[in-house]
Amino acid sequence: MKRARAEVLSTRKVGGFHSLTLVAPEIAERARPGQFLAVEMPDGRDFVLRRHVSIHQASRRGGWAGTLEFVVEPTGPGTTWLSAVKAHEFLDVIGPLGKGFAYPKKLTNCLLVAEGRSAAALYFLAQELLLRHKRVDMVIGGETLETVFKPIEAKRLSQTVAVMTADGTLGERGGLLDALPEVVERTKTEVVYAAGDAPTLQRVAAFCRTRNLPAQVMIEEPMACGFGLCYACVVPVARADGSGYDNLRACVDGPVFNPARVLWDVWRTEAATMMPTPPEGLPVVRTWPG
Amino acid sequence: MKRARAEVLSTRKVGGFHSLTLVAPEIAERARPGQFLAVEMPDGRDFVLRRHVSIHQASRRGGWAGTLEFVVEPTGPGTTWLSAVKAHEFLDVIGPLGKGFAYPKKLTNCLLVAEGRSAAALYFLAQELLLRHKRVDMVIGGETLETVFKPIEAKRLSQTVAVMTADGTLGERGGLLDALPEVVERTKTEVVYAAGDAPTLQRVAAFCRTRNLPAQVMIEEPMACGFGLCYACVVPVARADGSGYDNLRACVDGPVFNPARVLWDVWRTEAATMMPTPPEGLPVVRTWPG
Amino acid sequence: MPGVNRTLSVDLGGLVLGTPVLVASGCGGSGRETAGLVDPKKVGGVVSRTITVEARKGSPTPRVAETPSAIVWDTGLQNPGIDAFVSEELPALSRGGPPLFVSIGGRSLEEYVRLTSALQGHPEVVAIEVHLSEPDDELGRPLIGGHVDRMTEIVGACARMSLVPVFAKLPWAPTQLAELATAAMRAGAHGVVVVDAPPALAIDAQRLKPALGAATGRLAGPAVKPLTLAAVHEVARALPDVPLVAVGGVRSGLDAVEMLLAGAWALQVGTATLVDPAAPVRVAQGIARYLKGKNLASPADIRARLRLPAGAGTPEVQV
Amino acid sequence: MPGVNRTLSVDLGGLVLGTPVLVASGCGGSGRETAGLVDPKKVGGVVSRTITVEARKGSPTPRVAETPSAIVWDTGLQNPGIDAFVSEELPALSRGGPPLFVSIGGRSLEEYVRLTSALQGHPEVVAIEVHLSEPDDELGRPLIGGHVDRMTEIVGACARMSLVPVFAKLPWAPTQLAELATAAMRAGAHGVVVVDAPPALAIDAQRLKPALGAATGRLAGPAVKPLTLAAVHEVARALPDVPLVAVGGVRSGLDAVEMLLAGAWALQVGTATLVDPAAPVRVAQGIARYLKGKNLASPADIRARLRLPAGAGTPEVQV
């Protein structure tokens, strides 16, 4: 883990996302797929914590040696600010953080499943798997055309790609899970890697369990520090000896977990939300002002 | 008083200061010298109140009709942000605020005294006085060359200009008060207008009182709202009937006051600062880390 | 709920306001200052600055300093005294303005009695807000409303005498809020305002002195919202049937929605009004947008509707 | 003062630290996580997260949410329990690290006694910080340390048993801080930590639920600085001779200087460490720069040196 004042080499809009390339040789050198960065926010803002972003690319060789790329989706103040950062500005980044994906030793056929910008981390993984002579297939998706991350790059990296969008604007209409049974069958999948939001990951986990497929998932649990100091980011993980579970820090013991060991129900129940039904027949005094 | 979402027409560096010109016809039309604007700060910052700036120029006629100019000195987060605003951005401004300078009806010879960027308000005043066929002379100053505001403009507007700097890099070495006796004598001053920090204004007030010169001073008391809601910005002013004093809001009853009525000692005593003497012979355990 | 007439109106136990958004005490001026910048008809109500028996000059300046996402302020309750207020400011404050709450403050029981009495027979005053954060001169305590005995005595005296509803603005005594609110209600208050601003100190390190002329002040502005929400939540759970007006840290419509969800019936906007005189209207419009998005009819529909996780160790609020 | 050896060292009544800047409880990890990002020799001290008798799984996630210039957090005191802590974490925490304070927390007198006892005979523990913000299971009160009786009992028991200095971290009970600090000192505490974070609530309005899994949490970060300063000032004026460690809202060297001016002898950095692991060193360097600029020799030179305006109604601090 290193800290760097990294120059932004270039920025690029990719569909609904923004990609930033940084010069950070010490971090790039050590980075593995699934690991992430903690980026400091500027002074004088009303939000204070670092923002955490997956490493999309780390170039150790060639013309881009020593650079790192990550992708942000402007959904809140931090990612919106990052999306507006310009080339030649500097970012304070700490990384690489967390444990990345493990590569299979013997098994060969890898299926990478991701939705939206979470796919960014898996493209880096795909490259590393290819270097290790694995077969890579992908299922990627998003709400709509705009939020499917780099479908052309996906084609370049993998044998086959299934694209799913909720509105059918690209590929097939549907969710990632709709594609899985057929793809797993067709590609003779031996290992599954997945990234996405918690409900999707939980469904992928259930799918892999029924099929007895080994899998690794990258979990995005909200973090405060990102380097293990605060215990904000825990995920309940069963102990190997069956004696119960531990709340492990996603930032040091993850963000990649074995989904078969994650206690999805313990973890996600707490997050459940109930909507109140609008009560009927309330006193109506007057209409909207203005 | 109007509120406008005003486009920044242009920005300019003036010595150590930044000048911004806004398109705000409704405000420009009403503006008088000595009045000020309250400028909203951007969202998402850790400082929330508006910043208050004197109107340096309000053009009602000609090519610049409907524009307003103000000058900031980057001394804190708000003024630093304002100094970096670019042309074609928009500012939320409320103005014109406060009571401006009154013009003499009969008296003719006006002396305008100001230090640093406070002079900005007086150049607007000078123009209005000239339109009313008054004689204008000026004493302007600053710590150094860089913080003497527009000395050439001062020459253009007034019969004579005395420039004073603390380090002697422009004009004479010294403070504004050092120049006053001679200038008042020479220009046969009948009315004094002054702007600057509180100690300077207090000294100008004392000077005018001994010479029996009518005067008006523009006071920069820290404000919260700027339009009379909060009573943050009060200045103790003697009642006309001699029955005591009132804490008047500088933002609505000022910022221009008759210095003869201001209770300088009441107002400024509270602001006095004592420095502790460094105690001797403390236990010294070890030297600076790193 | 198509066809249903949506409303922003709230009913504080009989006191009906056009919107749940009031201007907080000390942040509304005399009502004339910002004429033209805000339509008074769209403001739910305005609370006067706190009025005392005698005129007060207030604290030395500076009276305000900025801290991260907040201000520390102390005006020392500068005001012209109750008589001058009634004769000079009251007519202008109420004429064409939103419903007027008058805030009164004192350091002895007698002062509160005199203030309440002076406000009777002025139909333009729709309610009295009792400010209870001054020192107690009679009992020599630092916070007159910070004790159940005095809360009962003072609010009781005001409530018995007043023909208009009396709201107790709870002082900053976080461990005792529910207890103090209960005391105020038992004594006859119509509702509570939760919660007066916490003591705060801003320091000018270069000059080794407090940033304010009065040394310590109190904290207001966006930063205090989570503290207010916790206080509102606590009091509303203890006293779900009591009209509760939240104050502290509201700047946007969503902030206001959060206050309602936590249990407020209405809320006040202080610092935000100093930045944007139209804030009370903007906030109300934000509530309206939210209700529309959720297809709800009125602010009361979200009151205390905060969904608590079952495992959080705290029972779900009954609404 | 040319030629004088300047120092950042502070003497907390016999407990000497290299700098007055410690890492706050719950924000320092096990000491290994940020190896390489910060030089432990330049950190004044580190407080462990709060350790309880039994292991705790902690609160449901999310455990942190952002609010203006602050965070609301609740970890539910996740920790492995005192035995596992002593055998597994203590050795690593202290090896090569800065002076270690261990924070202990409980819900009954007995728990505090067991915790204190388990920490004896571990020379790597230089002090115990008693966390007193849990509910009181024995007396059924919401805040175990919020009452003079329990403060006396618990801190007394810890202090009598402990061979190392005991600091009481005062719970958030603003109107009683001086009283609680006095009780802790009478009971045998070595010093006080002022002040534990205030209860806070963050709400996700779109989902009508609290932002945290535990519903309510507590407020930390830059926004709370003015509250901490007021609390420190109050306690330091009441107890000028008591080693006082400030915590809450320190991010920069100037923030730390403000704490010292208000009366702190040392201070802790929590949230800022989560953003910048080197914050404790950066803050200490900022203090050094300030002292140098004022030509002062040590942090003690500015302690409680805040100049109060004569007219502020409060007597000047005696130093």
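Residue numbering begins at 1 within each chain, and the chains themselves are lettered A, B, C and D in the order written.
Assume a contact is a pair of C-beta atoms (placed from the backbone, for glycine too) under 8 Å apart; a residue touches a chain by one contact, two chains touch by 3 or more.
Remember, predicted model here, so these are calculated numbers, not experimental data.
Among the remaining chains, those touching chain A and also chain C are B, D.
For chain A, the chain whose average C-alpha position is most distant is B. If you average the Cα atoms of chain B and of chain C, the two centres end up 36 Å apart.
Separating the centre of chain C from that of chain D, both taken as means of CA atoms, is a distance of 33 Å.
With centres taken as mean Cα positions, chain D sits 44 Å from chain B. Mean C-alpha position of chain A lies 54 Å from that of chain B.
Each of residues 60, 68-70, 207-209, 213, 221-222, 302, 305, 307, 309, 311 in chain D touches at least two other chains.
Each of residues 46-47, 270, 273-274, 276 in chain A touches at least two other chains.
Residues of chain A that touch chain B in their complex: 44-47, 77. By the touch criterion stated above, chain B contacts chain C in their complex at residues 1-3, 40, 46-50, 94, 221-225, 227-236, 247, 252, 267, 270-271, 273-276.
Residues 26-30, 33-34, 36-37, 49, 57-58, 60-66, 68-71, 73, 75, 78, 207-209, 213, 221-222, 271, 273-278 of chain D touch chain A in their complex.
On the chain C side of its complex with chain D, the touching residues are 60, 67-70, 72, 142-143, 146, 172-176, 198-203, 205, 207-210, 213-216, 219, 221-227, 229-230, 233-234, 249, 254, 257-258, 261-262, 290, 302, 305-309, 311-314.
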